[in-house]
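What follows are several structures.
There are two complexes below, and they share chain A, which is joined by chain B in the first and by chain C in the second.
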Partner chain A sequence: MAYMSMGEAHRRITEFLNRFSEAVFSQDGPSLKPLLAVSSNSANLLSLADALRVFQDASRLIKQSDKYSQLGEIIVPLLRSFQSSRIGHVVDAYNAFEKSANAFLQEFRNWESAWAMEPVYTIAYEIRVLAERADRELASMGKNPEKLKGAGSFLMKVFGALAGKGPKRVGALYVTCQLFKVYFKLGTVHLCRSVIRSIETAKIFDFEEFPMRDKVTYMYYTGRLEVFNENFLAADQKLTYALMHCNPRSEGNIRMILKYLIPVKLSIGILPKMWLLEKYNLVEYSDVVKALKRGDLRLLRHALQEHEDQFLRSGVYLVLEKLELQVYQRLVKKIYIIQKQRDPSKAHQVKLEVIVKALKWLEMDKDVDEVECIMAILIYKNLMKGYFAHKSKVVVLSKQDPFPKLNGNPVNS
Partner chain B sequence: MERNRELGFRMAKKSHSSTHSRSHQTIVPSRSNTSAEFSIKEQRTEDWEGDSPNFPSVIGTCPDMCPAKERAQRERLGDLSVFERLNGNPRRTSPSLAVRKFCRTISAMHMQASDIRPLEVLQDTLTYLFNLLDSSKYPFEVVHDFVFDRTRAIRQDLSMQNIINDQAIHMYEEMVKFHIISLHKLPRFSSNPSISSLHFLNMEQLMKSLVSLYNLYDINRMSNSINKNEAEFYSFYVLLHLGSNSQSMGESLSLWFRRLASTIVKSKEMCFARAVLRFFRMGNYKSFFSTVAAEASNLQFFLIEPFINEWLQASTIPISAPL
Partner chain C sequence: MATESKAATEDAKIDLFEDDDEFEEFEIDEEWDDKEEGKEAMQQWEDEWDDDDVNDDFSVQLKRELESNVEKS
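Presenting the complex of A and B:
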C-alpha cells in the first residue's frame, strides 16, 4: 500500500463525512446507499479504511463538529466496520455494523417519507452478508456461530419499522426475502411461517404494489417451501410465477427456479425437454426424465442413487422417489402398445407374468404378488383404468383411455 | 477421560423467537477449561420443561432419588405414588422409594444444588425406574405413568446441569426405548379415555427425547465420536413420520434429510427406514410387509405397528390384491 500522509488521510475522512451528512440532510437515498456497503469493497471505501488507519482519531473529529455529531451514533461504528473489514477482522466488522445499523434504524423510524428505502435495503443485505462471513470465521475457530441469528433478529426489527400504513411498507417484501435467506441458511425454515403470514394476511400490504424483483424472490422461496411440504399444485403456481417474471437474462436465477420447478412438473406429469436441462445445466434430472419416458424403473433408481446427496440436500429426493408409480404406468403402457401391434383384439389383457418378465429384463426382481400389488395401486390411483382378474393373474384394461394422463394434477393420494 | 464432556459454567439463554416445539442447541466453548471441552448454550422454546432464563448451570449435590425437602412436602400433602409408599402408607415414604416428581414451573433461580441430583444419582434413579417396569403387581398403564413422569424429571435435571457426555446419551437412548416400548405395550383399545391421552403424551415425550438425543449426537459428533446406536435412533424419526398427518409432528421429512450427515443417511438402519417409507407412501404393502418382516429391529417394529393397524382398519388396501 502506498504511503498516505496524515493530511491526505484527514482529507479523505472529511470527504466521506461530508458526503454522508449531505446525503442525509438532503434526503438523497441513492447517494447514501454506497456509503453503507461495507462488503462491496469499493475503491472509495477501501481507501477510506486505509485513511482511518493512518488518521486514528476520526471519532473525535466527528464529535467535535456540529455537522457530523448528530449522526455520530451511526457513523462512528460504521467507520469501525470499514476498518475491521479491511484488515479481515470479519467478526468485529459485523459487530460494529450491527451497532451502526441499529442506530440508523432508530433515525429511520423518525423520518416520515420513504427517502431512505434504498439505504435500508443496503443495510438489510449487508447485515446478512457480514453475519454469514462472521459465522464462517467463528465456526472455523471452533466457536459458536451466532451472528446470523442476530442478523435475523435485526431484520425482524426492520420489518417492524416497515409494517405500517405509510409509504415505507413497500420495502417489507425485500426484508422478508432477506429473512428467508437467513432462515434457510440457518435451517430454521419454520420461522418463515410468521413472516409469510404477515405479508399475506395483513391488510396494509397489497402484494401487487411490491417491486417485481422482490415478488419473484418471494415466490421462489415460498414455492420451495411448498415443495418441501409436497403441495405440488401450490408449488407449481408459485415457482411458475417466479419463472415467468424473472429477468430472462438472469440465467443463474432461472436455473435456481428450475431446479425446484422441474421435480414439481414431473410430479404432475409434465416433462421438460432435454435442451432445457442442458441449457441450464440441470443434467442431474436427465436420467429421471428418460426413465419416465421409457418406463425404465432401473434407470430411475440408478439416477436417484447417483445424485442422492445432491437431491437430499436440495430437498427434492422424496419428490423424485414418488415418480416410481408413473414409471410403472409407462412400462405397462408400453407393453400394452406392443401387444396392440401384435394382436389388437387381445391387447387390453396384460398378463402379470409378462410384466414380471419385463421387470426382470430391467434387472428388477419382483415376484408376481408384488407386481399384482403394484397393478392394484395403479388402478386405485387412477393411473390405469381396468380391473384385475386375480385367479388368472391378468390385468384387464379398459378399452377407452386405459392410461389416463395426469393433466397437471398430482397422482391421487 | 477425553470422552468425558462434563461442562463448566455457562449462561443458558431462552429463545423467544421460535414458537415451534423444538429445541436448538448450539455449542459455546467453556471459558473455564483449556482442553477441547464444550458446553451447550441451550435455546429452548416455551414448552421446554422448566424455564431457563439466564442462569449459570450448576452441579447438583442431592444424594437421593428425591430431594429431602420434596420428600417431606409430599408426605405432608399425601402426594405419593403407590410405588413410593412405605408399607402402603399414603403419607410415608423413604429415600429408597421416593423419586423426584416432574415440575413444570421450576424456576432454576430458586433451585439449590441440594435439590438437583448429580449424574451418578440420576443414573441409579433411571436404573431403579426401569426395574419397576418388570414388576407385574400393577397394570402396565400405572407403572408407565409413574416412570413417564419420573424420567421426565431426570431429563430436567440433566438439562439444568447441561450434561452432554456419553452417559447422558446412553440415558436418553434408554428413555427413548422406554417410550417406544410403551407405545407397544399400552393397551390400544380401551373404554378408559385416559388411555388415549396416555398414548398422546407418550408420543409427545418420545419426540421430545428423540430430538434432545439428536442434539446430543450432534454435539458429540463434533469431537469425532460417532455413537454406535445413532443410525438406529435416527431411523426412528423417519418411521414416526410414516403417516399422512405426520406434518403436525414437526418439519417435513425433506427438510430434515437436508441436514442429516451422510454417514447416517447411508447407514443400514436408515436405508431400511427409507425403503419402508417409500413402500408405505406408494402403497406397496407387499414389499412393505416383507421388508419389515425381514429387517425390522424390535424397536423399529413397535414404531411401525400403529401404521399397520391403521392400514388394516381403514381398508385403504385395494381390494383385489392379496395379503
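Presenting the complex of A and C:
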C-alpha cells in the first residue's frame, strides 16, 4: 500500500462525510446507495478504509461537526464496518454494519417519501451478504454461526417499516426476497409463511405494482415452496410465471427455474424437449424424460440412481420417484398396443403374466400378486380404466380411452 | 489428526450454508423486453408425446420379448 499522509487521509474522510451528508440532506437516494455498499469493495471504499487506519480519529471529526453529527449514529459504525471489512475481520464488519443499519432504519421511518428506497435495498442486500461471510468465519472457528439469523430479524424490521399505505410499500417485495434467501440458506423455510401471507393477503399490497424483477424472484421461491409441498398445479403456475417474465439474458436464473419446473411438468404429463435440457445443461433429466416416453422402468430407476445426490440436494428426488406410476401406465399401454397389432379382438385383456414378463426383462422382479397390486393402483388413480378378473389374473381394459391422459393435472392422490 | 477433523467439521458446517439454487440478484434498475422474454423457453414443451407409435427401438425389443414366450408355450 502506498504511503498515505495524514493530510490525505483527512481529506478522503472528509470527502466521504460530505458526500454522505449531502446525499441525505438533498434526499438523493442513488448517490447515497454506493456509500453503504461495504461488500462491493469499490476503490473508493477501500481507500477510505485505508484513510481511516491512518487518521484514526474519525469519530471525533464527526461528533465535532454540526453537519455530520446528526448522522453520527449511522456513520460512525458504518466507518468501522469499512475498516473491519478491509482487514478481513468479517464478524466485526457485520456487527458494525448491523448497528449502522438499525440507526439508518430509525431515520428512514421518519422520512415520509420513498427517496431512500435504493439505499434501503442496498442495506438489505449487504446485511445478508455480510452475515453470510461472518457465519462462515464463525463456523470455521468452531463458534455458533448466528449472524444470518440476526440479519433475518433485521430484515423483518425493514419489512415492517415498508408495510404501510405510503409509497415505501413498493420495496416490500425486494425485502421479502432477501428474507427468502436467508431462510432458504438457513433451512428455515417455514418462516417464509408469514411474509408470504402479508404480501398475498394484506390490502395495502397490490402485487402488480411491484417491480418485475422482484415478482420474478418471488415466484421462483414461492414456486419452489409449492414443489416441496407437492402442490404441483400451484408450482406450475408460479414457476411458469417466473420463466415467462425472467430476463432472457439471465441464463443462470432461467436454468434454476427450469430445474424445479421440469419435475413439476413431468408430474402433470408434460415433457420438456431435449433442446431445452441441452441448452440449459439440465441433462440429468434426459433419461427421466426418455423413460416416461418409452415406458422404461429400468431407465427411470437407473436415472434416479445415477443422479441421486443432485436430486436429493435440490429436493426433487421424491417428485421424480413418483413418476414411476406414469411409467407403468406407459408400459402397459405399449403392451396393449402391441397386443392390438397382433390380435385386435383380444387386446383389451392383458394377462398379468405378460406384464410380469415385461418387468423381468426390465430387471424388475415382481410376482403376479405384486403386479396385480400395481394394476389396482393404476386403476384407482385413474391412470388406467378397466377392472380386474382376479381369478383369471387378467386386467380387462375399458374399450374407450383405457389410458386417460393427465391433461395438465397431477396424478390423483 | 486434529487438522483433518477440523476440516471435516468445516465442510459439514459449510454444507449448512448452501442453497445451491440461490437466485442471482437482478440489478436494481434492471429492465428487459417484456414481450420477447421467455417465449423461447415457453415453447419447448410437448404434451402430445403419448402417442400410439410402437416402432421405436424400445417397443420393438419389448414386442420381441413378449412374443418369445408365446413361441415357447
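Operating definition for what follows: the second predicted complex is superposed on the first by the 413 of 413 C-alpha atoms of A that agree within 3 Å, B and C clash if a C-alpha of one lies under 4 Å from a C-alpha of the other, contacts with A are read in each partner's own complex, and residues count from 1 in each chain.
Rule of thumb we're sticking to: a residue touches a chain if its C-beta (ideal position, glycine included) is under 8 Å from a C-beta of that chain, and two chains touch if they have at least 3 such contacts.
Just so you know, these numbers come straight off a predicted model, no measurement behind them.
Peer 1: Does chain B (first) or chain C (second) touch A:Lys143, or do both, or does neither?
Peer 2: first
Peer 1: Is A:Lys168 contacted by the first partner chain B, the second partner chain C, both or neither?
Peer 2: A:Lys168 sits against neither chain B nor chain C.
Peer 1: Please work out whether A:Asp135 is in contact with chain B alone, chain C alone, both, or neither, and reply first, second, both or neither.
Peer 2: The answer is second: A:Asp135 touches chain C but not chain B.
Peer 1: Which partner reaches more residues of chain A, chain B or chain C?
Peer 2: C
Peer 1: Quick check on the superposed pair: does A:Lys334 touch chain B, chain C, both, or neither? Answer first, second, both or neither.
Peer 2: So A:Lys334 only meets chain C here.
Peer 1: Just chain B (first), just chain C (second), both, or neither: which does A:Lys238 touch?
Peer 2: Neither chain B nor chain C is touched by A:Lys238.
Peer 1: For A:Arg313, select first, second, both or neither according to whether it touches chain B, chain C, the two together, or no partner.
Peer 2: A:Arg313 contacts both chain B and chain C.
Peer 1: Given the touch rule stated above, what does A:Lys405 touch, chain B (first), chain C (second), both, or neither?
Peer 2: second
Peer 1: Please work out whether A:Gly187 is in contact with chain B alone, chain C alone, both, or neither, and reply first, second, both or neither.
Peer 2: In the superposed model, A:Gly187 contacts both chain B and chain C.
Peer 1: Taking the contacts chain A makes with chain B in one complex and with chain C in the other, which residues are shared?
Peer 2: 142, 145, 187, 313-314
Peer 1: Provide the residue numbers of chain A that touch chain B in the complex, in ascending order.
Peer 2: 142-146, 152-153, 156, 187-191, 194, 227-230, 308-309, 312-319, 321-322, 324-325, 369-370, 372-374, 376-377, 379-381, 387-388, 390, 413
Peer 1: Quick check on the complex: what are the chain B residues that touch chain A?
Peer 2: 17-20, 22, 24, 26-29, 36, 41, 244, 247, 251-255, 257-260, 262, 265, 278, 281-287, 318-322
Peer 1: Which residues of chain A touch chain C in the complex?
Peer 2: 118, 121, 125, 132, 135-136, 139-140, 142, 145, 148, 177, 181, 184-187, 212-213, 216-217, 220-221, 224, 240, 243-250, 252-254, 256, 258-260, 265, 269-273, 275-276, 293-296, 313-314, 330, 333-335, 337-338, 341, 354, 357-358, 361, 403, 405, 407-408
Peer 1: What part of chain C is in contact with chain A in the complex they form?
Peer 2: Listed in rising order, the residues of chain C that touch chain A are 6, 9-10, 13-14, 16-28, 30-34, 36-38, 40-42, 44-47, 49-50, 52, 54, 56, 58-59, 62-63, 65-66, 69.
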